[in-house]
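Both of the next two complexes hold chain A, though its partner changes from chain B to chain C.
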Partner chain A sequence: MLPYVLRRLLSVAVTFFVVSLIIFLMMHSIPGGPFDANDMPVSAAVREKLMAQLGLDQPLHVQYLRYMWGVLHFDFGVPYQSPGETVIQLLSRAWVPSLVLGGLGVVIGAPLGILLGMAAALNRNTWIDYFASTVSTIGLTIPVFVTSMLLILVFAVWLNWLPASGWPQPERWILPIAAYAAIPMATYARYTRSAMLDTLSRPFVTVLRAKGLSENRIVFQHVLRNSAIPLVTVFLPMFIGTATGSIFVEAMFRVPGLGAYFVSSIEKRDYPLEMALMLMITFMYCIAYLLSDIVYALINPRIRMGGSE
Partner chain B sequence: MTFVRKLAWGLATVTALTLPALAQTTVVAPFGTTTGTYMDYMKTVYDRGTGAELLQVPIATFDKEFELTPMAAESWSQSEDGLTWTFKLREGLVWSDGEPLTAEDYVFALQRAATSGYDFAWYWDFAGGIKGWKEVTEGTADVSTLGLEAVDDLTIEVTTTAPKPYFPSVTSLWYPVPKHKVDELGDDWALNVESIVSSGPFEIESWEKSNNAVVYTKSDTYTGPWQPTIDRLELDPTLAAPEVGLPAFLAGDADYSFLNTGQVPVATQRYPDGIRKNAVFATSYISFDLEAEPFDDVNVRRAFYYAIDREELTSTVLKDIAIPAGSILPPGYPGYNEEVVAQAVFDPERAKQFLADAGYANGEGFPDIEIWIRDEGGYNGAIIPAMAQYLQAEFREILGINMNIRALPGADWMDGLRNKRNNIFISPYEYDYLDPSNFYGIFYNGGRHGYFIPEYDALVAQADSESDWDTRVDLYAQAEQIMIDQGLIVPLVHPITIAVVSDQLGGEGSQPNALGFTPLDRLAHYFFTHMTKQ
Partner chain C sequence: MTEVAVPIADLPQRSPIWFAWQRFLSNKAAVAGGLVLAVLILMALFAPLITPVPPEAQLFLTESLAFPSAQHWFGVDGLGRDFYTRIVYGARVSLSIGFIAAAFSVVIGIPVGALAGYFGGRLDWFVMRIIELFSVVPPLLAAMLLGALTRGGYFTIVLIAALFGWVQVCLQVRAQVKAFREREFVRAAQALGASPWYIIRRHLIPNSVSPIIVGFVLAIPLAMMLEASLSFLGIGVPPPTPTWGQMINEGIDYMFFYWHMAVFPTAALAITVLATSLFGDGLRDALDPTLKGR
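Take a look at the complex of A and B:
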């Protein structure tokens, strides 16, 4: 397994550099720069001075190499939008609310979805099954800003049970977490249902039943475990997608998180932050898929890591 | 008995101790934009920390009737030749760290602005006309040649290139910079709550950089006019979107909220006494590339001028959020001229005739065009996309012209406008200072749109330095007549913003002015120092 992991790590590194190059080129191919957004531009002389201060007067390849050299030393530069701190400091500050809310959303939503999916699979074509599919269809099709709006309307405005939005008091976390949880719950309900139905129809389940195993043991110890692969595949990428903050959820609930930076860094031509965010996401997805693959093997020993036969 | 008495005393003491804390009034307001770099208005306007202007005291500012009121200045005077203004500062003004606030802090603010890439630097040339400003910003002259001097601790002298009778109103955007802090920390003084000092009615308590929300408290050290009547002020840009602001307002988390069109009926029904309207001093207009086909033909531009039914536009798609614009100047703005406005009528026949005169009868042979709009939030975001679609249909129906719409991010739209990458735009503009020269200056000598119209420029230049008000207004009206005759722009609408305020909010700032409008945070210094909360 070790050679396999090493080979995968090497491919992560290659992916990382290819992505960094593409992002860098795309970023700089958008017209305008950090000093061109305002109604009346600064004078050419001043603009030149500012560009030189940020090193933007250098040829592109020099800028790229300089940035990547920094990245290798864990230095992502200083964000133009927040000159008082480094990109790393900004990320570690702004990521906390996103991680807490998005992370809890997935951590709460996924098990709920699994339970819902199991209930649906074990009670196929009953009202429970229909209920579960209705819930998951709604969860998957209604955009998160609509869900957020409905949650605010019902729980904050009509019932007055919870604050409408804000941070950091924990009672203000509940609604955004619920909004975040909707998608993992819906996704998991669907995946679990179909994976379980698939497994339940396998001959080995009949054998287990013939052996006289209790239904609970069959479901939890055998069926669920054998249905787990698709669930593992979805989990980490979903976690990363959600725990880096949704611009919609964070705007609706006034969360000072990471979500808005994904957009503002592009709008403001904040090159260091934009690169850092993209590289961070790339890196996390690469690692997530690697980990998922390793977990596959742990769950199901029949899956062999290529080359180790 | 003793126990009861003790208990009573204890309770009384506790109550007495907590009363001041309970009496603390905090106002939570939607204000600002969600990104901000420096808490320093004289370093950056477009990327400033929320409410940076409230931390400092301007030379002068406007009250809700748009009367200019001296703030840091006690008085001012103009020299005989009209070229030099002398401002006398009040005695006893200090920075929140105890250092005296001096004329030097104001002069330094502009000297730095002229040399270090201030994103609002153009204002001091365009509006202020300060001697040497252009040369210094372009790097061809030394900063010492600027027409600015701190004569002594309390006296500032400003020299302009031409007489600027309205210069005092320009100073409503002139804030001091703590030179002693910049000497110590550089521009970074304005990056952290610990090192930020203030000279105005509020001081800073905290600043959440991820969304640029701030908490201000009433200043202990400010001795100037307009002392705040509240203790704490939370300014939260994330509340500025009505979709977020209104639910927070309804749940009791905000003291007022702006409304979008869909929200107006609901809020009006629930809070009939809480609705406040404001005619923003702003105008949306169509601008052209005067040198590019097909808009290099004045007849085409005039056809557009007459092809728009502004009444229908503002009573249907823009109901409650805009009023018709017949001039670049909004109603209530100094110099507003009814005769100019009356010319902007909807006259489809005339529009068709102009288009035919240009050789495109019924739109035949007219190239497909694409109007560029700026993708943004706020009142413009509510108005412009809907308006663009209305115009698209109107031009199709009346002129037989195909017009596409393209929304671009701010930077790209500006790049397009400045470098003439397209030939037609919807351009919004909001006033910077209260004088007609502000709006006419947009088209002066190149200006925002690269228009060079010699006869217009001559009239505007003459009006700008004219000291007699009636003559000035007349000259501006003549200049606008040239704009109409040459179809330089097509005025479309002036935005109206609607807000709902809580019944706990009181004070002069929350009440309408003589025109029936409540400018709310458009006049931040006035509003936030003239509000009370129960």
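Take a look at the complex of A and C:
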């Protein structure tokens, strides 16, 4: 087991550094810099001094190595948009609304999806099944800003039940949470349905039925437990997905979270913030895939023995 | 004698395509999705015949932001343009980007997947590492960077969508080729001295045709979503070209007073993406019934 984990860890580390290099190069090859005349009207001498102070006059490879050296020490630099704080301070401030709304969206959406998927699998080819697959197809295909727009139009504009935007008051959370919840609900409804149908068709279920076990016990004690593995492994990537979803949800609902910084850091050539956001997401995905690989290897010994697949 | 013989002789001639077609027809959601998609494609192709005014002409400035009426089915937008016309022409942008990007994805995905699956070893390892890079970077974030790098534009969006669309096609083709590589007919071809290129082209790719078709169709909604998302953020296809993503973004500012500005582009995008996905899912279930419900 340990060699397998170490091999995966090495592979993930290499992936992470290659991605960081590609993003760094792409970011710096976007024409224009943070102190161009339009965004920040300063004299040439001041600009040169600023560039030198921030190390932007150095060759790219030096900048990259310096930056990554800082990253390894949890030093992500100072965002150019808001020089009074560090990138870490800015992120930990902006993270709160995104985490609350996205987290609640997943926490509410995932169980609903599991219930829907279970209902669909246990009532195959009935209206419940068709309803569940319609809901999951809609949730999986329609972009989150379209869902958000529809929610606002129905509940805020037409019915006038809920406020459309804003942040601190909890009643303003309801619509963005509903928008976030659509994706985990759809994902889980689909995965749960197919995993449960898969398990229900196995011979051991027939044996349990022959043994005279009640259908409830078969479902809750045996089938659900055996179907849980794929559900556990999709959880983390889906949770991270709410971070990219926040770009749209927070723009639609005017929430002062992380989302807006993804766009503004690119527009303003705010290299430290942009790099930090990209690396954060990449890092979380790397960890999520690593964890799910390890969980899989723990469950399935063929993977850690065979190695190649 | 012959009257009896005819139907019996007919039976074995039913091809796998006939059975796939029957399976497809029995899936009502997929048929509905296909029909809606066909109507949308016709609408996009014959847009000038459906609405007489050009989408960028500000012909109705005096009626700016007018609500839907008999003359302007979807109303007029803030710059005096007929909104119905803009929605119809928006279908052109959305669908053409979807189809072209999906075609590029297939063109990249097939050879890479086939070579990796056939030769295995180092090449396969290398391809899989590249795919791993794509799996840890969310397409949208990378597309935002690339969009800023290239200043958006129609063809750039197509390329960005293809850059992220080929991975799925490649994985499908690779899996299929790997499964067929050890079959007897491939071994026989190798023994007869056929070159790897000939075997891939003549035997392995034709055997992967159903995952390729499915991959193509399912890449379309993804590309359309990417285009709409980038246009929504203002780094997609630049105005005045009408795109639904852009219109939704403008619609946010108007939605409390001029609901038509928000409703129609949102509905158009939702219907198109949903119809294409339903059609693709149905096609997948019809072509490969073992995958049903996944």
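Following the convention adopted for this analysis, the second predicted complex is superposed on the first by the 268 of 309 C-alpha atoms of A that agree within 3 Å, B and C clash if a C-alpha of one lies under 4 Å from a C-alpha of the other, contacts with A are read in each partner's own complex, and residues count from 1 in each chain.
Basically, contacts are C-beta pairs under 8 Å (C-beta built on N, C-alpha and C of every residue); 3 or more make two chains touch, one makes a residue touch a chain.
Quantities reported herein were computed from a predicted structural model and do not represent experimental measurements.
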item: Touched partner set for A:Met149, first chain B, second chain C, both or neither; value: both
item: First, second, both or neither for A:Pro256, with chain B first and chain C second; value: first
item: Touched partner set for A:Ser292, first chain B, second chain C, both or neither; value: neither
item: Touched partner set for A:Gln58, first chain B, second chain C, both or neither; value: neither
item: First (chain B), second (chain C), both or neither touched by A:Lys268; value: first
item: Contacts of A:Ile138 with chain B and chain C, given as first, second, both or neither; value: second
item: Contacts of A:Val157 with chain B and chain C, given as first, second, both or neither; value: both
item: Overlapping contact positions on chain A, where the chain C interface meets the chain B interface; value: 30, 149, 152-153, 157, 164, 251-252, 267
item: Of all residues in chain A, those that touch chain B in their complex; value: 30-32, 35-47, 49-50, 80-85, 90, 93-94, 97, 149, 152-153, 156-157, 160, 163-166, 251-252, 254, 256-258, 260-261, 264, 267-269
item: Chain A-facing residues of chain B, complex; value: 34-35, 37-38, 46-47, 115-123, 126, 137-140, 188, 191-192, 208-211, 213, 236, 238-239, 241, 243-244, 247-248, 250-251, 253, 409-412, 414-415, 418, 448
item: Partner chain A, residues of chain C touching it in the complex; value: 29, 129, 132-133, 135-138, 140-142, 144-146, 148-149, 221, 225, 228-229, 232-233, 248, 251-252, 255-256, 259, 262-263, 266, 269-270, 273-274, 277-278, 281, 293-294
item: Footprint of chain C on chain A - complex, ascending; value: 11, 15-16, 18-19, 22-23, 26-27, 29-30, 133-134, 137-138, 140-143, 145-146, 149-150, 152-153, 157-158, 164, 193-194, 197, 241, 244, 247-248, 251-252, 262-263, 266-267, 277-278, 281-282, 285-286, 289
